[in-house]
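Okay, so subunit A shows up in both of these, paired with subunit B first and subunit C after.
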Partner chain A sequence: MASDPFDDVLNLEDQYYDQGYQQGYDDGYQAGKIEGRSVGLKTGYEKFLEAGRMQGKAIVWANRISNLRAAAAENSAELKSQPQDASAAATDRRPLPALPGNPRLEKNVTSLYALVEPGTLSTENNDEAVNDFDDRVKRAQGKLKIVERSVGEDREKDAPQSPRQGRNEI
Partner chain B sequence: MSANPEPTAAPALTVTALPPFKPDLYERAWTSIPHPTLPLIATAHQKSVTVFSLSTLSAHSSLTGGHSRSVRSVAWKPNLGPGKLCLVTGSFDSTAGLWRWEGGDKADNLEVEITAGGNGAADSDDGDGDDKDDWEFTLVLEGHDSEVKSAAFSPAGQYLATCSRDKSVWIWEDVGATEADDEWETVAVLNEHDGDVKAVAWCPEHNRAGRGRYSADVLASASYDNTVRVWREDGDGEWVCVAVLEGHDGTVWGLQWEPRPAAARFPRLMTWSADRTVRLWTLQEEDDGDGDDGAGTAPRHAWGGLGGIPNTMRRSLKEEWKCTAVLPQAHTRDIYSAAWSADSGLLASTGSDGVIAVYKEEPQQASAAAGNGTGMTDAEAAVALDGDVPMTNGHSTAGGGKTPEAPPTAWRVMATVAGAHGPYEVNHITWCKRYDAACPSERRGVEEMLVTTGDDGVVRPWQVS
Partner chain C sequence: MHMAPRDSRDEDLMIQMISTADPAPPADDPLDDVFGSDAGSPAFESEDRPEARESHPSDVRRLQTEHATSGYREGIAAAKAKSIQAGFDEGFGLGANVGLKAGQVIGFLEGITDALRAGNDDDFLHAQQLLEDARKDLSTEGIFNERYWETDGTWKYELQAHRPESDILFEDVAAAHPLIVKWNGIIDSQLAKWAIHRQILDLIPETPTPAVLEKKEVKVEQQPREKLDW
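For the complex of A and B:
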């Protein structure tokens, strides 16, 4: 049948449906990209913030342990001058109390630092890198707890937790 | 209650109820752990623990007041001197507690008479101090973020492991100057489970020394994330996860190591789960076929000499474990507890459905094992699972040729008892030596019975014959 001239007019709803679908899809795609990027940035920032926080703590502890500080002094000629300056500045004012350096504590602080060492944590977004990062951060958190306990810095966390009421008293 | 013996060729077992321990606790009881050598058993219920004497089947002493929430697990400290008792309690208040009792010669005396009645509650003990010297709460172990589910001492008593709903396993080391000094230091915080960790268990001492780069202590943990992890301490004093055992389809409620493994083999690991199965896992060991001598052979792969590599690089050095048996299904609901007897090799399980099941391992005579013994039990497991693929540790089963030849075995249900605690769930089951009056005196300390602990607060012994 010669319905060609009337095809467009008779199938208007299809056309508008397709048009609307396409618009929705494109809008969704855009919004998805924007949201994905912002969530990714947020998560990445939080993760590296956590890692950096642990690294900072490790550096402070390391400088308080005389053995490790001596080791750092040997490397002063090399890369970082910041930790040296920081500890020198600290000694000018009021030095933090030194920590007794027992071998286990030193080992824990060293491995904590090694786990979150800047530059070794990959910023790639593939599965392997993310798993590696998560794994190292989790282990570093474990080490952090151990060092905090042996240094005695976990006390302040206990205070607000005394009324530990559960939902049911069983 | 008598059992329904399985109609089999081999003589079936009968499980008969014995009078329960007195007094009834009248509150949910969670676990009963017999002392490794003395005739005592400790039961955790509500916020306290009651120690019963196995010779009189009545209360000996109690531990009260140390925890603000439910005490869910108990473990005896091994290798103490005579007349001294030490326990660790794991509680839902996120702490573990160490308790000591020094009652003179009372602990050794098998014929102790308990005069002070008491119903196991705190009031009869406080201030009396006559027959029942109270337990002393000596140390609290804080650190977990949420409920502590289980605590266990290592075989030598040097390490203590605790696990919690916060997905971590903590390992503590005894750093006290003498044994009587309770001073424990956190040595490891292991965060690698993805869910609530339900139980931890140390591998009993065995004649296989540390495998090259690892020390002899081996810890296993079971979790809500359906996996079991095996942990060892490496040369640097770092505790690392050396294996992840996958295969259960539900929360793994607990685990126990084989208490008396065959001579040259590493102890197997028994796990039980919400998926209503009990599984046995065997370490796939690489050796040159001669079997290992007691001294422990050095690992024959390339990693042997790499002592200096930092731990971030060493994660890939793992062990391989395979699920080598799935016990025939005897439960219709979650299995909360199982126990493997060191003496008889019998295995008993119980759980939410209130059923006690006893299994026996028998060498398999039927059908020639083509070559690999492990292959046969894999087939058995496959049949039991209706053709499902036997579970491995993520490795292919093809390369089974290196494992030491284990004689093929099959497990059979020897007895079941339904409604062991009436309509109540049974939370724990354990094998325990008999010392009571009804047992002939030459069999005391030799014959074994089962002890179940239920939501009805009753701790009931069962005779198995």
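For the complex of A and C:
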């Protein structure tokens, strides 16, 4: 105890407040982190789900375009050995119905993929990464619509258009 | 999903702790000299009547509760404001990695379903069913079900990657999610069935448009693979 008892008496309110504040700070820091983490998990999930979806769709389309299959086969022994038409397949591999090839479609599918290519999207939440991501997803959504329309797969699905912003704030 | 708001509970607990704390001064409290009476003085005898003494410490207790509680509240608010964004950033990276994988599953199944739509046969119906199931499983609620996550946002499931704990990557955690494992298995057999080559677009020598090229600066090599740190 301090030597002058009156110091303590006069500062009692401050002292109690500080004690409470310190404990609140300790508890709150952890609680805030957990709360933020939970919201961040969901936000990151929902944003990147869309990018992954477009990757998957682009890959399926590319596999249905014979020119792209042929171009890829030149660089892959595995693909080359694969039968290109259903009749030659001894296994139960049945290629999906082919899409009519045309250079525009091929280009749209490859650029769609390039926009959301795995490994090139940063999952960090900083201004630069988020702006790059949002910009690319937006442009990929545009490409996706063009391809869907040209192959007759468009369903009136309005993709979520979030306003352009920096790092995701909570 | 799994988060219960904590504030009110914490505060209740705090108030309880404060009010049960015993602020009785130690025996050699120097304030006895001020507020109490010396032995032998007339007032000192009042100690024999406990009810007269008890009104005094309860006032201190009230003072303590009041100020500690308001301090606690402000402490919570100040700390949360500091840590919530940091927590968000952590969660964001992991959620993004899971999302990419889940999104691919859905994209593949959408692509297959759309391709088979015109045929309208059993294959189409099967693909459509798979897509519907995947959308349900891989919804935000499905993925973040409390079966897979602790309330503090850490995963409950076992990781497959054999790395020292300090080297675990978001990607490892994402890949080990039971629903991702389940659907990746289904996707593998679907891709084999329909002769879909996963890497087809990686194998094509690129002739990207300038616009695409300029946006492709963030390459895998340059991108630090986020390490897990929480």
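The rule is simple: the second predicted complex is superposed on the first by the 132 of 170 C-alpha atoms of A that agree within 3 Å, B and C clash if a C-alpha of one lies under 4 Å from a C-alpha of the other, contacts with A are read in each partner's own complex, and residues count from 1 in each chain.
In this text, a residue touches a chain if its C-beta (ideal position, glycine included) is under 8 Å from a C-beta of that chain, and two chains touch if they have at least 3 such contacts.
Since we're looking at a predicted model, the values are computed, not measured.
**Student:** Pick one for A:22: touches subunit B only (first), subunit C only (second), both, or neither.
**Tutor:** Touch partner of A:22: subunit C, not subunit B.
**Student:** Which partner does A:104 reach: the first (subunit B), the second (subunit C), both, or neither?
**Tutor:** first
**Student:** In the superposed arrangement, does subunit B or subunit C reach more residues of subunit A?
**Tutor:** C
**Student:** With both complexes overlaid on chain A, does A:145 touch subunit B (first), subunit C (second), both or neither?
**Tutor:** A:145: touches subunit B, not subunit C.
**Student:** So in the superposed three-chain picture, is A:153 touching just subunit B, just subunit C, both, or none of them (first/second/both/neither)?
**Tutor:** A:153 contacts subunit C only, not subunit B.
**Student:** Touch check for A:57: first (subunit B), second (subunit C), both, or neither?
**Tutor:** The second partner, subunit C, only.
**Student:** In the superposed arrangement, what residues of subunit A touch both subunit B and subunit C?
**Tutor:** 107, 111, 114-115, 120, 135-136, 139, 169-170
**Student:** With touch defined as at the start, can you tell me which subunit A residues reach subunit B in the complex?
**Tutor:** Interface residues on subunit A, with respect to subunit B: 104, 107, 111, 114-115, 120, 135-136, 138-139, 141-143, 145-146, 149-150, 154, 158, 164, 166, 169-170.
**Student:** With touch defined as at the start, can you tell me which subunit B residues reach subunit A in the complex?
**Tutor:** For this pair, the touching residues of subunit B are 28, 46, 68-70, 92-94, 142-143, 168, 185-192, 236-238, 310-312, 315.
**Student:** Mind pulling up the subunit A residues that touch subunit C in the complex?
**Tutor:** It comes out as residues 1, 5, 9, 12-14, 16-64, 68-69, 71-72, 75-76, 78-79, 82, 89, 92-97, 107, 109-111, 113-115, 117-125, 129, 132, 135-136, 139, 151, 153, 168-170.
**Student:** State the interface residues of subunit C toward subunit A in the complex, per the touch definition above.
**Tutor:** Touch residues, subunit C against subunit A: 1-3, 6-7, 10, 14, 18, 26, 29-31, 34, 60, 63-64, 66-112, 114-119, 138, 140, 143-144, 151-153, 170, 192-209, 211-212, 215-216, 218-220, 223, 226, 230.
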